[in-house]
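Two complexes, one shared chain (chain A), two partners (chain B, chain C).
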Partner chain A sequence: MSAAGARAGGGARRTELVSYAGLRADGRRPHETRSIRTRLGFLRTADGSVLFELGQTRILAAVFGPCESARRSEQQHDRAHLHVDVSMTPFALPERRKHRVGDRRLAEIGLAVRRSLPQAVMSHLYPRSEVRLHLQILTSDGGDLAACVTAATLAVMDAGVAMTDFVVGCTAAVVDGRVLMDPTQAEASAATAVIHLAVLPRSRRVVLCQVASRIAADELRDAVGAASDGAVGVFGVVKAAVHDHAVKRLSKRGLLTA
Partner chain B sequence: MASSAAAAASAKAAAAPLSVVLPGDILGSTSELQPGPGSYADVDAGCVRASRAGRFEPLDLAALHEADAAVAAAGAGASGADDDGDADEDAAEAAGGAAGGASAAAGDADAVEGTTRALPLAIVEPPAGRSTTAVPAEGDVVMARVRSVGDRQAELVVLVIGETGRALRAPLRGVVRREDIRATDIDRVVMLQSVRPGDVVRAKVLSLGDRRSLFLSTAEPSLGVVWAKSRAGHVMVPAAHDSMRCPVTGEDERRKVARYGF
Partner chain C sequence: MDPDAFAALHPDEYVKAFCDAGARPDGRAIDAARPLVIERGTLPSLPSSALARLGDTLVMCAVRPVLARPAAATPDAGIVDVSVQVSGTVDAALSPMQPGGGRYPPSALDWAESLSELFAKGALVDLKQLCVLPGKAAWCIRCELVVLLSDGCELDACVAAAAAALHGCPLVMPPALASACAHEAGAAGPSAASSLSLKALPVPVTTAVVFGKTLVDPSAVEAAQASGTALHVVALKPGQRAGDGAVLLLRADGPGADAAAADAALELRWGQMWGKA
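And then the complex of A and B:
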């Protein structure tokens, strides 16, 4: 209904992202994130894994390690080396296309994860070892970077690697001076600016802030604030998921009988 | 979740209930708790926080040492007062868990060293119950299969770190040099009379070695060959410190035998 309304009301502008009723094409309000689903321990073969869904965006994250580095050249004597690679399925985008490993967009996501995750991973506890993190974007509908950061945190946590806190990603888009939280691909491509944020939710410390276009200073402040709020919201959901998973695993081992 | 964490933080460390905590959750203040496996001290905030998801249980080491006998008694007869008995059993259980997870989480506990005050130790038992590190340290005992034997050294593939650890996902290479085969008469060691390709050897990590392989040693009575097949292809039994016997052909073969498990 809201989608129809948006289209009907958009006589003057073809891309009316927020309807007169204040709703977006998928029925969300501007400051609402999409629904999140997580399945921790999704893969049997990995040490830690998660299937993370943010609306239509689906990320599969798998962690192997900590183990002895496969490549000695990457070994660091005082901490673990975090190896990240990001791939995308051919069916991830509306148009079927094979994505090369060296895809610039994927490399950028990998770099963002590599930069933000060590802020919370206690890698000094695993000297000379390696943590291999594989992220696969199964389907993409905006917010890939933020979803990858959150999924990476969950998978690393599932592998039992020590972390000081969660690292949670959230995206915000600025459209006509208005901030839309967690934009879909359609909203992001119509926006004047998109802000990617990674936050340590307990301290609200921003560990990654990425903006690819020009943006007014006050708009940036609003957008960062909104994305930070969004990240705290996401934190609430993923925290519950990790807790439930831990309870399930512990009671399976008979450690929660009391 | 937040409520359970808050409950854990506010409750007295000794009497805290079993609770599931998540990375970053506050377990208690640094004045009443010291960080153990699965936790860390947040110096800025003055608190101990969890570093992994799992079951949080404070372990009162001082009380445990004092009441060692009392715990045993409480375990044998449950005639004591309900509350006390339960608390002791929990403590004993935590001690068992700590011993089991000690090697796995030794790295996490590096902050513990130095503080010798008898504060309760925060332990977060991981839900998966598996080792979190699979990198050997100096002095670790490993099980390794011999890959090739040369004049000066034998090359091995490390299969397991520790006695009963989980198998390594990625093979780890090690070498035993001729002078590290045995402790005595080391100038007259003949490599092929000590180990042969295919043997399984119990060895100790001397050093993390060069970039390619670990340096291992079998120069102790409990180290050496623990499993080997004879020339005829049968699993041999130890006959002496330097020989093993084929149970089928009765033939003796020379090995540096580990006095281990018999």
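And then the complex of A and C:
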């Protein structure tokens, strides 16, 4: 805490991210996520799809498969191969820039999804097949990685792929020694450390934890705790969304009697 | 044989059988277009955006005006800059899009060129209206489209999304610049906040000649068998007949698609696009 106090006092003054009343710029309390909206089955021709909104961060995820691998080299004899592709629209960020296919930020998100999703996907049920997952970041306002992980889970579920649990992402930022749950881009860029977490919410098992900067051990513990609480909160919302969507879909097919 | 298997193995025979019977695979009449659904303001964090859904074709358009120095050759005109990108959600393995085409396949560049023809040359957008201070500042309207799903008539959906997002797009100057403009140009200067309005309200429609029949608004399956397609973008006024509208853009590919067949669809679609505007 003392190190954080010195940082806050030493630097040039900037706009306060947390007011005296304990509220953030968008009116949230420090341990509160942004509002979540999901539209499952957004893309009709994809096997599974979702438009996932976390505040002003919007991710469109589409899943094709499980189907036969297009490439023999990627085929695995005992489980399904998960192919992840992340892209960003030219209007996703406030300032325009050229997005190359090999963008490192996007590659990192792809890698995080590829690492965390197989922890819950029962890929051994689909040997020699392939699940193609496309993530399109429509607009970005912090927490892209976490939102991509959650959106990927929802899309894979919508495609009917068997899973043991949800994989839910949440971000936490340490700003002046305070932990902020689910930071916006402005908060994340002012933070001393940003923690990306992917959690299996029912067991609260952490499947991915990414920190890109130095962080004190007690701050890390607080931040991981906050992010994992956030993930459980997000889980409640998306679980209800999946349930509603499933009920709607089943009753449309006449498979559900009231 | 299973109809889906037949469609996959002999797409030409499949479509021909329908055309010969005067019907279409998705159950539409020969001269019926798919409903065009426009959702405005889909991305509230951006100045203006629109989502156009044409059957299973889905296009998102975002418009962001920025102030820039006008081009030296045209000091009193603004700029409209259109780009089209194909999203990864259009799965290359399943769509008729060229495999391995990347984010900007040749077809997307082609669509961007047609859209520039329509929106950047002054036919629909008054470029003079975009000028703030001659030679010094003008609005550069960045109109960026992403094709999210593709099932034929992508350019129609692009035109609809771009027109919906551009029409009524707010042009708000940053306060510092607004006061500088007021200082420079006096009371007659440009207003700090205005909005873009299109000179005419356009409506696109594609017709395709498939096995001798003229189909309106072909889906991807039908378009793949077309001997010729033509895209008409027509400007209509409320209550105006389709035949009387000014043709803003005509893009013909191959011989002989007739726009007259699409007149009824055009009027209906104009209502779908601009009925509430």
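By our rule, the second predicted complex is superposed on the first by the 245 of 258 C-alpha atoms of A that agree within 3 Å, B and C clash if a C-alpha of one lies under 4 Å from a C-alpha of the other, contacts with A are read in each partner's own complex, and residues count from 1 in each chain.
Here is the rule we go by: a contact is a pair of C-beta atoms (placed from the backbone, for glycine too) under 8 Å apart; a residue touches a chain by one contact, two chains touch by 3 or more.
Source: prediction; values computed, not measured.
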First (chain B), second (chain C), both or neither touched by A:239: first
Touching partner for A:207 - first (chain B), second (chain C), both, neither: neither
Touched partner set for A:87, first chain B, second chain C, both or neither: second
Partner chain(s) touched by A:66 [first = chain B, second = chain C, both, neither]: first
Touched partner set for A:154, first chain B, second chain C, both or neither: neither
Touched partner set for A:167, first chain B, second chain C, both or neither: neither
Which of chain B and chain C A:141 touches, first, second, both or neither: second
First, second, both or neither for A:255, with chain B first and chain C second: first
Chain touching more of chain A, residue-wise (chain B, chain C): B
Partner chain(s) touched by A:132 [first = chain B, second = chain C, both, neither]: second
Where chain A meets both chain C and chain B, residue numbers: 64, 70
Complex contact set, residues of chain A against chain B: 64-68, 70, 72, 120, 122, 125-129, 157, 160-166, 202, 239-240, 242-243, 245-247, 249-250, 253, 255-256, 258
Residues of chain B touching chain A in the complex: 1, 17-18, 20, 22-24, 38, 40, 42, 49, 51-55, 90, 107-108, 110, 125-130, 132-135, 168-170, 172, 208, 211-212
Residue numbers on chain A that touch chain C, as the complex places them: 43-46, 49, 56, 58, 60, 62, 64, 70, 85-87, 89-91, 96, 99, 101, 132, 134-136, 138-139, 141
Footprint of chain A on chain C - complex, ascending: 43-46, 56, 58, 60, 62, 64, 83, 85, 87-89, 91, 93-94, 102-103, 142, 144, 146, 148-149, 151
